[in-house]
């Protein structure tokens, strides 16, 4: 049957990410306090879900330290503003090879490859309602870097996430990642209906043109839930693309630093802009309670 | 090559149409004066092109009277607000058959079938920069009505339009209409690069889901110009759809009467909303001068 | 979920059609005896379904005479070769307008517009397992001809077909026809799961490129049954296209007269060629009994 | 413009591959002599291009030894049967990680990561008309294996191939690989019009459903050349899919071992079957001379 435009949409704000963006914009939050505050402001602006990474408070460099996730989680949980918490579980899959004439040994600079349990330690500790699962291995824009999540790793992480009672948001960066997501559900690793994030326009995953996008949307089972985003200047166009294809929306400084050319953005500004697009399209924005019901999420305190 | 998002977009306002909408909304303009005023307000709100039908001033019923088109044209031309004028040439192709047990003779009630020259009399008289050409024959929502534009009629009208030095906006209501548009260009009836309007979601032409839409977009030669719209509650979502697919935008009371459920709209309000969507997506709105250059249009006074 | 390649396919042979092809190939059958014999040979070659029109035995011109359908039906029913009978109900919707400067009155030459009951008289008489329903109105290659099936006519014919206990094969020549097919099912006129024939590449309906084709396939509910064909030199490529998209196959002299350039074909030759393509693709060809079970058809003698 | 069905197609036979298939079928050739003979038989059956890997003659395990490539090349060059030679350059990008709880250190068992120059040593030595370039990094069906070709590696290999005057066949296993292929051409690493192989249905790259396939086809520049294949039971259906989408064909034991369930195939049998499908579709099969002209290839003796 034809795809339907989403009439009630939820917005996720991807607050800070793990990229080297802290040196490009002073508005990228670094400390748990800053991250939590930015998340809460995004929620006030209309985001029902906040997707958080953590960073080293001093350098702004990405981190996997559980205590940082813990502080972010508690600050968000303790705030007066309700929001669904989504923590990344993407860290610990960074592999940097040697240069083209000697790919091995692995380059320790930038490599951070952890085991499945270690990659989910903060999830086990913080018990967010959602955590991400980057569903494949691929090149990124850099010369020698590989985002590395093997089938074996994904099965292990998927089972651990399910056992924790946390909902996995499966991030698909290309059509093959989405295929493996269906396989994880067929194998019972993740329960149906699953929740998918289509990560478009990130080199060298799926490009964000509408033909590629629709081919991915067409391969998501109709009873699953999905969001989609693109990066940089296409972040805002993709707010509309996601809605048109029957999905939900993600914006935030993880994916794009600018409000317009030369004007750095804050998270609530990006969320407000998404709300503008969505409501002008005649679509309603869901709050966190409605999202919890729709996605069957359980709000829990950290352990 | 992948389709590109439009970065500079033009907005057409379809001011009043020919449907029986005048009894559904008092905001539908009827007299040439009202139509011209609504067109000018739409232009002030951001429409670079106004697409106009005329109506009988008293009843609001659609009309083909040249003097009404003439008055609309002169009022718009004489105003201080610059805008590209696009007059319909769709009238005169209305065929109503008898009911299912006796389709012939034709039902005179509602039937209005004119010859090619007669259908273009107002275009010859007013010399708008653009006029439409409905590129096919199909059922509409009503039981016995057929929008009737045969291949022979379209070739005749197309040649007449070209001879007048008016640019044809070829309206395609389904994939076969677009195929015939390409044929008209191959035959030299219309010059390349042609200008297409994808009319989506009008029963029983092409539905407005993204798969059908993209299949039409993929079949437009890349150097042509196109716009797209859908009707009713999908008018505003389609502002974004058109931009995402590399096209331009059309809104207006011809296609949708409501700002939101239960709230009747004016043309400038609909244009403003489109501008909101477009600019929040980071896309610029073109003015009439830029459109004339892009589409190689000539502004002329009526004969 | 992704579309699946068909692993068990049925082939329909469209035996003779109604076009003026009898003067282009002496192999186009004219009399009921010839039509029945060609149908039976096609069945022997692998067609599980034969789709039949009738023609005036002398001139070869298309006909709607019930006694001709009756003879075809009885000859096929009485033969030792089992095959599912599919009779056209497309005749009686031919409208020829006047030329471009005077579209009305209707041109009696070539016009044949009958009421719903009359268009189905032979179906009521012969009780084939399947009859077609051309689900819309559109231009064909000719200058002034319109294939005319209004929504009102289609609702009437659909109800009559359903009341007769005959299965409708809904022929969709463009995306809007398929939309109306879904509407007929929603309204209860035709029962779900419906049976669709995608008629591709017929000017000026949907072109037969893969993008347009897939957009139609994507809009068929997954539990419905569908076939697809194209015409002329693309008849054989479309055997493969239909299978790849999860559908079934139609070939026959109605759609294409040639085996290769300059070599006129017979129906069994075209069916054999389709069987070659299908079986080389590793796909099985279904017989009439399996098709009856799959489509829930009832074989009945004529009244 | 709509995609056109290929009317003159070339067939590549992928003779032996590098997978562990030698233990599944005794018909998988191992020694250079066997590989060359199978390639020549495939050429006689209709393959204009043979794509060859080499294996250790005793174990049948994949190999990168230059002398084995040399022997294959010379045997094929010296035979009376003309065929275009395409050597793999995919070897040397095999990375096997540790299991899910300890992904590093790399598992030496199965890991074979070579530098760019080393990976192309046999290409420099044999000077085939074509060599492949696997245009990305991704998971395969196995638990811990990653096919690893970073952007840096691909730029280095691409430049070396171009400098050798060998034509690169860029293998795209997912939409992001194709995006990077376009980038390589934009950067001048590979000359336009490039030659693409769409490798479909290989877990966990792009699935081989028609929607995903068409989204990749739509993103190949129209003046480039492309082939496409799928694996296992979908090898033969994809012969038709490639032709329908305007591409060329690849079959062979590298991608599929069976003629039908339980019946092991030889290369010439698979090529013959592809020829059957293609010619029954009314499409001509090109010989090696026509392919050389079309792709602007130069036949050269090894150094």
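Order of writing sets the chain letters: A, B, C and D. Residues in each chain are counted from 1.
Note that a residue touches a chain if its C-beta (ideal position, glycine included) is under 8 Å from a C-beta of that chain, and two chains touch if they have at least 3 such contacts.
Just so we're clear, the structure is a prediction, and the values are computed from it rather than from any experiment.
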| item | value |
| --- | --- |
| Set of chains adjacent to chain C and to chain D | A, B |
| Of A-B and A-D, pair with higher C-beta contact tally | A-D |
| Between chain C and chain A, distance of the C-alpha-averaged centres to the nearest whole Å | 50 |
| Approximate Å spacing (C-alpha centroids) for the pair chain A, chain D | 35 |
| Euclidean distance of C-alpha centroids - chain A vs chain B, Å | 41 |
| Multi-chain contact residues (two or more partners), chain B | 2, 207, 209, 211-212, 214, 218-219 |
| Graph class of chain-chain contacts, one of line, ring, star, complete, other | complete |
| Contact set on chain A toward chain D in their complex | 97, 99-104, 106, 111, 113-117, 136-139, 141-146, 148-153, 155-157, 173-177, 179-180, 183, 203-207, 209, 211-212, 214-215, 218-219 |
| List of chain A residues in touch with chain C within their complex | 1-2, 182, 218-219, 221 |
| Residues on chain A engaged by chain B in the complex (per definition of touch) | 2-5, 207, 209-212, 214, 217-218, 233-234, 236-237, 239-241, 243-245, 260, 273, 276-277, 280-283 |
